[in-house]
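In the two complexes below, subunit A is the common chain; its partner is subunit B in one and subunit C in the other.
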Partner chain A sequence: MSGTLKSELWKAFHSKMFLLALAAGLLMSAANILQNSATVAEMTENTLRFLQEDPERFSGGHGGFSLFMLWLLIYFSLGALAFDFYWPILAALPYGWSYLKERRSGVYDQLVTRMGKKAYFRAKYAAVFLSGGAVVGGTALFDLLVNALICPVETPNIMDLPPVSNGSCLSALYFHAPWLFCLAFCGLAFLWGGVTGTLCLAVGTLPRLQVFVILFPYLLYYVWNMLYAQLRVHFGYLPLLSPLLLIQASPDYFNPGWAVFSVMSLVALLGSVIGYWQVTKREFS
Partner chain B sequence: MEILIENASKTIRGAEVLKDVNLRLTGGTIYGLRGPNGSGKTMLLRLMAGLIRPTAGRVLLDGKELGKELDFPPSLGMLLENPAFLPEYTGLRNLILLAQIQNRVGASEARQALLDVGLEPDDRRAYRKYSLGMKQRLGIAAAILDKPEMLLLDEPTNALDAAGSALIEDLIRRERDRGALVVVASHDGAFLERLAEEIYTVTEGRVAK
Partner chain C sequence: MNFLKLFSHDLRCGLRRKRYLLMLPIFALACASFLRVVKGTPGITWMDWVFHLFAGMEPQVIGSGEAIVLPLGFLAVMGGALLVNLDYLLNDLTASGQQVLIRCGSRRGWFLSKCLWNLVSCGVYFAGVLLVAAVFCLATGGEAALTNTPAAQYWEFPFTQIRPLSAGQCLLIGIVLPYLTMAALCAAQMTLCLFCKPVLAFLSCSGALLVSLYFDAGWIPGSGAILIRTSLFGGTVEPGTAILVDLALLLGSAIAGTIRFRKQNILSAEE
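Right after this comes the complex of A and B.
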């Protein structure tokens, strides 16, 4: 690993903002886990009562409140809603702001004259991507593992009206290997967190305050989502094309795999190409 | 090492901040840039550092054009305007992070650079808690850290007391004796008279001896 990359990664993962973002993500997950604990306790009590009252009609399934129905990226608990809505901020918070801060403080001058602009961009991009991805993907993985200790684990059954529809992104895995489905979506959450964090580089030094850089991906996705909603009204049917919602494993609208990967690629392209131009070409004097 | 600036001008948002600058600077010499605030001293240093490109003319470093054949001078130490470091880390940690980039020097050189400017390497205080004078000293320590061939210092004695200024003057002379090309910008004429072998005056972007 080059000294440049090592130095950027050290700064990213030792940043207080990284810890703050991670804590916020885990708090959202904790809210989901708490609500799930209450749901599971209530459903277990109902099941036991049902067993006592009419044991012959009991199917024996727990699908309605299994892990694969209550996980953060599937369920709609308070914690899950907060995560669904605010995850772009979690992605930008760890290190997305660092370019603006370094440029305005003059640290950028010290760094680029030592490493060159391209190496600086590569290291900065990698550090922003990995730290944003670690928070978003890490929160999803943490929620999956802790919920697995609380919720029953049962392969989803179509009779339980699962939230993942046929043909949606990785749906075949959901019905046959749900653990793999969830782990794959943790990976996708990591990628979403990474590419979303790097959008901060695309705004460069245009905003004057760090807080606007952190909010930029969220505001962009929010506007994007509103435009998508208008297009949906106009066309009647449209697969999900809003990055804000595409992180979910079971969004309200149809999310085919091609839509997930196309929109993610577009976001990655925005972050990398405009970010590259901002960092290496735009003169700041 | 030689810097050759040929007919360099720089326009920023319609304002010409450097006007037809011609300079030839060589290693082992201390050059002074004198002029009032806003005269273009810092812009000239930024031009030499490769941080801005001339709108017209060119800057050659040992015959290679900055911005075309070279992005930045390959061995450069600088303190431009205010010292810039990561506020949450100690002075030593900041220097080690800088040293890691090129891997030319390590922690022991970072400690030595701090001692050279009169700072304590084991000081546990974060940079944000440093006094102005300490920040200035750390900025100079970062500039000399890699033993650069070219040293650009903008108002190096800002916020320093008389003893601190004397220490830095001595340090700059040692860098010159090592063979470095040193350019010092200051509005303090007496300081430059004591230190520099050649002094240029910068007035409204024009440079004259």
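Right after this comes the complex of A and C.
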């Protein structure tokens, strides 16, 4: 690993904003876990009552209230709502703002005279990608592991009306190897967080304040989502093409794997190509 | 520099910004989802378009297993106001605005001028929303009336007790309440910027909006703008209570901000 990259990674993972983003993500996860623990306690009480009242009629199982139905990226809880709505901000918050700050303070000029603009861009891109991915993917993984301590683990059964439908992204895994499904979606959340964070580089030095750099991916995704909603109204059936919702493992609309990876690639392309142009070619205004 | 000069300076600098115009396409997108209702309902009025933008959503029980419903248009219009007003105070604290602050001689006056500017800025923003609604109304052959068409709201909110309202009631829940709620949230955000990072201030205020959508309680700041939940439609939000909450938030923000700003170290002010 080059010294430049090492230095950028150190700055990214030791910044206050990274800790702030991580704390916000964990707070959302904690809200989900608290609600799940209440749901599971109520469900356990009901199960025990059924067993006492009429053990022969009790068919076993948890009626779908298992870990794979209550996880952050699947279930609709207060924490999940906050995460689904704000995750682009969590991705941009850790280090997305750093380019604008370094450009405004003059640190950028110092660094590029020593290492060159391309090397600077590569190191910055990697640091922004990894820090954004770590917060978003880390929140999803943390929620999965802590929920596993509370919620019963049961392979999803089609009779329990699971939220993942046949044909959606990685749905075959969900019904056969749900742990693998959840881990794969944690990986996808990491990638989404990474590519979303790098969109901050695409906006470059256009905003005067850091806060607008941090909010840019969120705004872009929100407007994209509104446009997508209009397209769906006019064209009827459409697979899910909105990055704001594609991070969910069980969105409201059909999310085939090709849609997930196509939209993610498009976002990555936007972040890398425009970001490269902003960092290496565009003069500071 | 007296207060009036300071305020007129804020109006001159703070209202001539392109972002008000940039928001117009977003309002148009929010209006576009109402077009399918217009096609199937005769006699749509301007107030129906305004109601569509500020209706919000019917109460949804969190944890019921239902998929998440996001009222995109409502959140875009209300959240857009937060974004448009987010940086004016910060800009004046971190750049050449500091010169004005030093010359004006009164920190209290400076902050109160920003509070008043916030009210006017929300007014301009709100006028933009109403203007786009009027353009859509006229373009689709609607009437410029101040009363609602129950069939239009029933189409979007089938579980709500929709009834025809008088012009005064429509003005109260379609114009006064959303404007006051918007101004109160923006004022709270501006004050929060003095206490924490601006991104956290934005998250707090937009979070309040989000919470008000999913928790059916009139005292949550933001619920006043959700007109489909008002008691006029059989909901839990009393317009009087919502107005009091908004006024309290406006006043509380101004007082808290003034007290905080008197001791703020502006030399180390940075984002």
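What we mean here is this: the second predicted complex is superposed on the first by the 283 of 285 C-alpha atoms of A that agree within 3 Å, B and C clash if a C-alpha of one lies under 4 Å from a C-alpha of the other, contacts with A are read in each partner's own complex, and residues count from 1 in each chain.
Please note the rule applied: a contact is a pair of C-beta atoms (placed from the backbone, for glycine too) under 8 Å apart; a residue touches a chain by one contact, two chains touch by 3 or more.
The model shown is predicted, which means the values in this text are computed figures rather than measured ones.
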item: Subunit B or subunit C, by number of subunit A residues touched; value: C
item: Partner chain(s) touched by A:Leu227 [first = subunit B, second = subunit C, both, neither]; value: second
item: Partner chain(s) touched by A:Gly257 [first = subunit B, second = subunit C, both, neither]; value: neither
item: First (subunit B), second (subunit C), both or neither touched by A:Phe85; value: second
item: First, second, both or neither for A:Thr4, with subunit B first and subunit C second; value: first
item: Contacts of A:Gly167 with subunit B and subunit C, given as first, second, both or neither; value: neither
item: On subunit A, positions contacted by subunit B and by subunit C; value: none
item: Subunit B residues touching subunit A - in the complex, by the definition given at the top; value: 10, 12, 43, 46, 49-53, 71-73, 76, 78, 80-86, 88, 97-98, 100-103, 142, 146
item: Partner subunit A, residues of subunit C touching it in the complex; value: 26, 29-30, 32-33, 36, 62-70, 72-73, 75-76, 79, 83, 86-87, 90-91, 94-95, 197-200, 202-203, 207, 210, 214, 271
item: Residues on subunit A engaged by subunit B in the complex (per definition of touch); value: 3-4, 6-7, 10-11, 15-16, 105-107, 109-117, 283, 285
item: Subunit A residues within the subunit C interface of the complex; value: 20, 24, 35, 39, 75-78, 80-82, 84-86, 89, 93, 163, 208-212, 214-215, 219, 222-223, 225-227, 229-230, 233, 250-252
